[in-house]
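Order of writing sets the chain letters: A, B, C, D, E and F. Residues in each chain are counted from 1.
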Amino acid sequence: MVAFAFSENTVNLAYVFAAVCFVFGIKMLSSPTTARWGNRVSAAGMLVAVAFTLTLAEVDRYWLVAAGLALGAVLGAPAARLVKMTAMPQMVALLNGAGGGAAALVASAEFHRLAPLPGDLPADTLVASLASALIGGVTLSGSIVAFAKLQELVSGRPVTFQHQQAANAAVLAVALLCAVAAGLTEERFWVVPLVGAALVFGVLFVIPIGGADMPVVIAVLNAFSGLSGVAAGFVLDNNALIIGGTLVGASGTLLTLLMARAMGRSVANVVFGAFGQVAVAPGTAATVDGAVRATTPDDVAVMLAYAKRVVIVPGYGLAVAQAQHDVRKLADELERRRVDVRYAIHPVAGRMPGHMNVLLAEANVPYDQLYEMDRINPEFEQVDVALVVGANDVTNPAARNEPGSPIYGMPILDVDHAKSVVVLKRSMNPGFAGIDNPLYADPKTAMLFGDAKVSVAALVDAVKSV
Amino acid sequence: MRIGVPKETASGERRVALVPEVAARLVAAGFEVVVERAAGETAAFSDELYAGAGARLVDAAEAWSADAVVKVQKPSVEETARLREGAVLIAFLQPLTDRDTTERLAQRGVVGFAMESIPRITRAQPMDALSSQSTVAGYKAVLIAADRLPRFFPMLMTAAGTVAPAKVLVLGAGVAGLQAIATAHRLGAVVSGFDVRPVVKEQVESLGATFLELGIRGEETAGGYARELSPEEQQRQQAELEERIPDFDAVITTALVPGRPAPRLIPASAVRSMRHGSVIVDLAAEAGGNCELTEPGREAVVEGVTLVGLLNLPSTMPAHASQLYARNVLALLQHLAPDGELRLDFGDEITAGACVTRREEVPA
Amino acid sequence: MDAELIGSLTIFALAVFLGFELISRVPTLLHTPLMSGTNAISGIIVVGAILVAGSSDSRLEQTLAFVALVLATINVVGGFLVTDRMLEMFRRRGAEGDE
Amino acid sequence: MRIGVPKETASGERRVALVPEVAARLVAAGFEVVVERAAGETAAFSDELYAGAGARLVDAAEAWSADAVVKVQKPSVEETARLREGAVLIAFLQPLTDRDTTERLAQRGVVGFAMESIPRITRAQPMDALSSQSTVAGYKAVLIAADRLPRFFPMLMTAAGTVAPAKVLVLGAGVAGLQAIATAHRLGAVVSGFDVRPVVKEQVESLGATFLELGIRGEETAGGYARELSPEEQQRQQAELEERIPDFDAVITTALVPGRPAPRLIPASAVRSMRHGSVIVDLAAEAGGNCELTEPGREAVVEGVTLVGLLNLPSTMPAHASQLYARNVLALLQHLAPDGELRLDFGDEITAGACVTRREEVPA
Amino acid sequence: MVAFAFSENTVNLAYVFAAVCFVFGIKMLSSPTTARWGNRVSAAGMLVAVAFTLTLAEVDRYWLVAAGLALGAVLGAPAARLVKMTAMPQMVALLNGAGGGAAALVASAEFHRLAPLPGDLPADTLVASLASALIGGVTLSGSIVAFAKLQELVSGRPVTFQHQQAANAAVLAVALLCAVAAGLTEERFWVVPLVGAALVFGVLFVIPIGGADMPVVIAVLNAFSGLSGVAAGFVLDNNALIIGGTLVGASGTLLTLLMARAMGRSVANVVFGAFGQVAVAPGTAATVDGAVRATTPDDVAVMLAYAKRVVIVPGYGLAVAQAQHDVRKLADELERRRVDVRYAIHPVAGRMPGHMNVLLAEANVPYDQLYEMDRINPEFEQVDVALVVGANDVTNPAARNEPGSPIYGMPILDVDHAKSVVVLKRSMNPGFAGIDNPLYADPKTAMLFGDAKVSVAALVDAVKSV
Amino acid sequence: MDAELIGSLTIFALAVFLGFELISRVPTLLHTPLMSGTNAISGIIVVGAILVAGSSDSRLEQTLAFVALVLATINVVGGFLVTDRMLEMFRRRGAEGDE
């Protein structure tokens, strides 16, 4: 493809460089300000790795390679450009499947090439290539099912059937037996049923998992695709593959654990829980005719830190938690980042007239940041985040919409007009009026459960580290 | 529809039922507002302000002859006579304790709305004058206690030694009680609160004060009020308080049970057990007082303890008390006459609940 | 078990540690771009696909590798671009917020 | 050495120079303490408490004939006559403004120590009664202002509308002024402070208040006091204040220059420009008042503005004011009589500074 | 030494294991609770590496090796056990020198072995061995000089002479020329002057640096010893050496940078600054007849977090900074860790009677945590840390000891009786009384410079992450 | 430049990253034990000394390596023990403070 060829050693050095780029790239992903450049650094590493590979003397089927690269780019680039932001998860699932599939194919091809050369196939290469084919296959089909579920091509609901676990075990056993047979006989043929079984297992693995749990599944498959890369790296003795794949594997593994933890569930519960039903930990997320979305301080912190306007809505829970000083601290921290912070004070927030005023004055919140209901309500449309700290009734849209409600007719703070709403309270328990709050089931509302003082303190920390 | 605002005549009453800001809003909403000259003077609202708000300044007779007369205090016998037949009257009419006035009004065919009878439902909160005036009373009670106490409220560590913080006890933590707790806490006192309603403990603590555990738990009625304690419970409460009260420098009592005489919380013996210089401010004086020795309307020193039974504290802070009251009245008027004309719907919970006389008849 | 394998294992071990250290520093908000960014990195298998496709003489192997090459390229190109789009959102306010 | 504590006789004076706790300390230190019966009554200290502290309760004559007599107010002519010759007298003797008393004392051969003359050096802080009593006055001034104001100090957002916080201005931010700022801030008012001494800006801000920039900067003398402004500066200050003052609901003035009449900060025209219902509490009333219209000792309403010129506010909080004063006296006594016996060392800065009469002669 | 021999591959695997132990060990050092075990994990890795090395077939001079190990252990162990805690820095310097010396010797020996085998010495091995000898030599002599300075065997003062920089450059040039000569000629001899020059350079490098800067120098030498290990690893193709050495190098480098930053100086200033004089950044640390010790929030945080009793001494600076809410937060955080926290309120702290009370009440500090001077003073002896927040005069021991002082006779808070004192203020400026405070020069006092609000907030964060 | 060297370089590069990541997480208070602990780790040169001392046939080399061995052992043994002593101080309160 190029007129000159670098030595294998030079190319290997380029691989080391690529690996360093990946490391740097991921390191830069740890801050929103550098993240974008981090991604580009990773991409540059990839480019170097590909470019140097092409110069290798042994790579001589230029047109084939060029065609493959071109075709991939032509398919990948527009898809990435055009996909809707909301469809990102599906897209990532699909791309992940492509990576896994590629690893499975490369490993199969390599096995096909090496198998007939007896004695030339050391145990580790053998094991690695079969592992790569197996894991890659699972990743491919699993990702496609995840994509289909997210895209709602198939139902997002968990698909379960009798003897599911037995079936899974059987398919996995077949795959492993094929691998053993391939290893022992070094017969090319075995790789076909092996990959076939892997594909079936991938499907079986994902179908019983509900749509809401798909992000965790994608993380798991992400880890798999990394591992299949590592295995391929061992087959091809390629450090770039080993390092890159390991980073991906580590990322997928950690993300799986963190997401499961954020959902208050074990990974096992996510992956296998659907065989029964998805049990929700009590007290963390009941439902107001519909699901509520629980969130974490970290996520809220970033929403806040990158918001232009934040309105804090204090209520009786702030008083109970005595969170006034922490709320002030949070506001200070946000203002330091030039977020516009206001407090929306409902006339009957708390349990006595002026309850919020007393507390906020204690924390020396400037009076001019306190907005009466009538003054702030028209502004909620421009508010990025409404942070509801222990308020409930005074934000309840039922007061506007439900003539039967005991609070119907009370003017409320229109937090539901804000672009997003975060509610800090301890549980799904109602407030003074004893009624459910439909706000919590609003798709743009996220719940941060816990004592308000603790939650706000966690937010302060999290905002600082954004 | 014309709204009349006569000057208050009850002795010591400095509030006014409508403040210029609210008058302006009513005028803007299509009402005609007539204000008796000097009606707002004691509350620091001059006649010019009313004129500026679009109200017409008139003499007493004209103010009383409006379609709707708004007042703070119930009308005297003579004032009742000045009302037009069929007129609407809005004021604290004391329907539960003063049958005479209501009967007189009914006889005159006046449609009387008692501010204290507005049901305490969520929707009616903007009209809730009991709450707004209790807020003033609770705040003012603390200022009075702090003024009468020969000691500091806050703790001070100074070159001339350390001044211990005052210990303040608030009995009855409804609207006035909670406000008193908040204000005393602000001033730096060590505050305890007590109430028979169990939900109040958390509310007291939400203001940074501690709840005094007396081992007595009453019940809350549907309206959020307290049920009256049984005689044995009262006995126990008195005994418990007698034991705990000598610890405190200032006691502010606000305990009430609607339609009943104020519960007797502090027996004379408890007062005697207090340190010299201590202060009791009894906000329940009007209903007979929570303290056995309270003389309603008077301030007295009994064995070194200052007992404040002053009535009508909101009137001592007339500007803001009037402002809040006027807003309550405005909300009620807007409810009764949504677009400038009276449209009484006695099927409505608020209208029916607040109306205490209705052409010739006193509704049960 | 040869020296090469041991070298690879050493590298693998170090990369595991490094990976976990690095990833654990990524804030939750960036987890989605992280996932898609690392996903793109896993497309490094493209190198393997090139090697096999470009050097194998077997038709079958070529075909397999070609498909692998296309898939891997999609993964790489799509992955980095998608990630870039996600991260675009951060840049704007990031620059501002960081005095 | 015997220490006598007579009852205060000046009208309105409720403090006592020694409180039981301090009497006990003196007794423990080897002094003999004699207290006139009922001396502490108005300050809420009963005779029993003194007896319990080891003091002896005596009649007036005996109290006056002690080796050292401690008082709050300077003695009247008759009281001076009751002093033993050569006795020590400790009280606010007003040496700068009341030459008569000092001369009388000198003639009687009394060694008089004026509490206000104790030099304000670091070491003398425990004896600094000006500071301790100013602390009481500053606190009390806010309570009075809050009580007289027809409005709330704090901001309240309620169902009946929002109550705006009171705007409070404190002129002169010495000890009393700073305490007033702190107390008003606690109560939730929006507080501004002003003083001519430049260092005060930071101190005002350290209490969460804002410093009112009037563009006038005076100087600080060595003792930490303010220098009197020049007539032009005074003119400018009055003009500036006249412009800014209508913004405020309550003004508390504490400006003093030692030995001079209180600076005139608020001309009558400024008072007239204020809103009806506003309040001015003039702590400088004793020295003539910072406000032109202040009538020392009286409370008056001038064109809707309440002007409080009450004197001797510390006496309205007698228990703690006495406690602090007694501690100051204790510190001075311990300085003058380190181990129970008088050992006057006129080479000492404090002894020399505080001593205003000395056997037959008035020291320059 | 043992009856059986492992293959080289097995031993190499053991080296990988050892490297993993080092990584884990250092990871565990990031928390005080696991640090001790981390050190043991590292030691275990070392033991494994040594033990497996001994089984190598090529190692056959058992007695020599055993004698060396025994002698080293006999010398090292008692020294480590007996050295006084205060002499730790010297000890570390000495041990560091030993490591560097060992690396230099191993490299020299290896060069001696390989040099006469022409063609057998690849360029990288050559370079690596010479680098190892050079860096190891510098480390050895430099560490010895650092030790001597710290132990006060020689003067701790910077030793400077004319043309010092020229001399340094000359010596370094000689060393490099020897290295070049050794590389070109592959003549064993050259390594002798090379090491000689390295030793001289090490001495020259350290003598001009003052005793107070020795910790930075030791960190630099620590990094050097790591690098010489890495170089030796390249010579011997030993991954354990490469990884271990790299970790040490990274540690030394980072510590150098952090320490220099904490001192408010650049590394260059520390290392070369002494050629002129040590310039102290203005406003960060002037002197009260003696040096003051500036500290960092992290260090203070650990002191606080591991204290049993902490007394907070607020002063006017707390009021100016309006740090009351942050101080309350800090106290909460410490109490969560079961530290006993009290506030010592001096009667005239601040600028008005009760100034501190007003502020602390605003932050809802419980009254029973406020201690009057007379009550707290006798207790300071048992206090682990007295945290002075913006107080000055009220802590000034001159009031007790210096009859001439304008504040002589004022009773003060005896913070100087506490086991350690941390003072938060912005500068060395005096307080109200306008006089110096000898407390700041007390060896047990550390100064945390900066606005009190900012400093306390930093302490809260730091305590949380301890 | 051979494959082995590249492997070593790769390992070196990864170790550099890993080292900085790990060390930057160590709190200031633990910097002194960190320094002495890593110092002990740098005694891994003892392995090199054993190899040379144990396998060389040259007297000179043996001597040099023997001295190196002694020095390195001192470094290792002394370093770990000293670090252990320093860290002993933390353990006590650490266990307590961590509820």
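As a convention for this text, a residue touches a chain if its C-beta (ideal position, glycine included) is under 8 Å from a C-beta of that chain, and two chains touch if they have at least 3 such contacts.
Since the structure is predicted, the reported quantities are computational estimates derived from the model, not experimental observations.
**Student:** Going by the touch criterion stated earlier, list every chain that contacts chain D and also contacts chain E.
**Tutor:** A, B
**Student:** Specify, for the interface formed by the sequence copies chain C and chain F, whether it is same or different in terms of residue numbers shared by both sides, with half as the dividing line.
**Tutor:** At the contact between chain C and chain F, which are copies of one sequence, the residues are largely the same (over half shared).
**Student:** Out of A-B and A-F, which chain pair has the most contact pairs?
**Tutor:** A-B
**Student:** On a C-alpha centroid basis, what's the spacing between chain B and chain D, in Å?
**Tutor:** Chain centres of chain B and chain D, defined by C-alpha means, are spaced 37 Å apart.
**Student:** Calculate how many whole Å lie between the centre of chain A and the centre of chain D, each centre taken as the average of the chain's C-alpha atoms.
**Tutor:** 68
**Student:** Would you mind pulling out the distance in Å between where the CA atoms of chain B average out and where those of chain F do?
**Tutor:** Roughly 78 Å separates the two chain centres.
**Student:** Mind checking the centre-to-centre distance between chain C and chain E? Centres are C-alpha means, answer in whole Å.
**Tutor:** It comes to 39 Å between the two C-alpha centres.
**Student:** Of all residues in chain F, which are in touch with two or more distinct other chains?
**Tutor:** 1-4, 7, 10-11, 14-15, 17-18, 21-22, 25
**Student:** List, in ascending order, every residue of chain B touching at least 2 other chains.
**Tutor:** Within chain B, the residues that touch at least two other chains are 125-126, 131-132, 135, 154, 156, 158-161, 163, 186, 188, 208.
**Student:** Pull out every residue in chain E that's touching 2 or more other chains.
**Tutor:** Residues 19, 23, 27, 239, 243, 322, 347-348, 353-354, 358, 361-362, 364 of chain E each touch two or more of the other chains.
**Student:** Determine which chains touch and list them pairwise.
**Tutor:** Between chains, contact exists in these pairs: A-B, A-C, A-D, A-E, A-F, B-D, B-E, C-E, C-F, D-E, E-F.
**Student:** Which residues, counting only chain D, touch chain E once they are in their complex?
**Tutor:** Contacts found on chain D: 121-123, 125-126, 131-132, 135, 175, 178-179, 182, 186, 202-203, 205-208.
**Student:** Within the complex, which stretch of chain B touches chain E?
**Tutor:** Where chain B meets chain E, its residues are 154-163, 165, 188, 190, 208.
**Student:** For the complex, which residues does chain E have touching chain D?
**Tutor:** Within the complex, chain E touches chain D at residues 316, 319-320, 322, 347-348, 350-355, 358-359, 361-362, 393, 399, 406-410, 433.
**Student:** Help me check something: in the complex, which residues belonging to chain F touch chain C?
**Tutor:** Going by the criterion above, the answer is residues 3-4, 7, 10-11, 14-15, 17-18, 21-22, 25.
**Student:** Help me check something: in the complex, which residues belonging to chain E touch chain B?
**Tutor:** Chain E reaches chain B through residues 345-348, 353-354, 356-358, 361, 364, 367, 370, 372.
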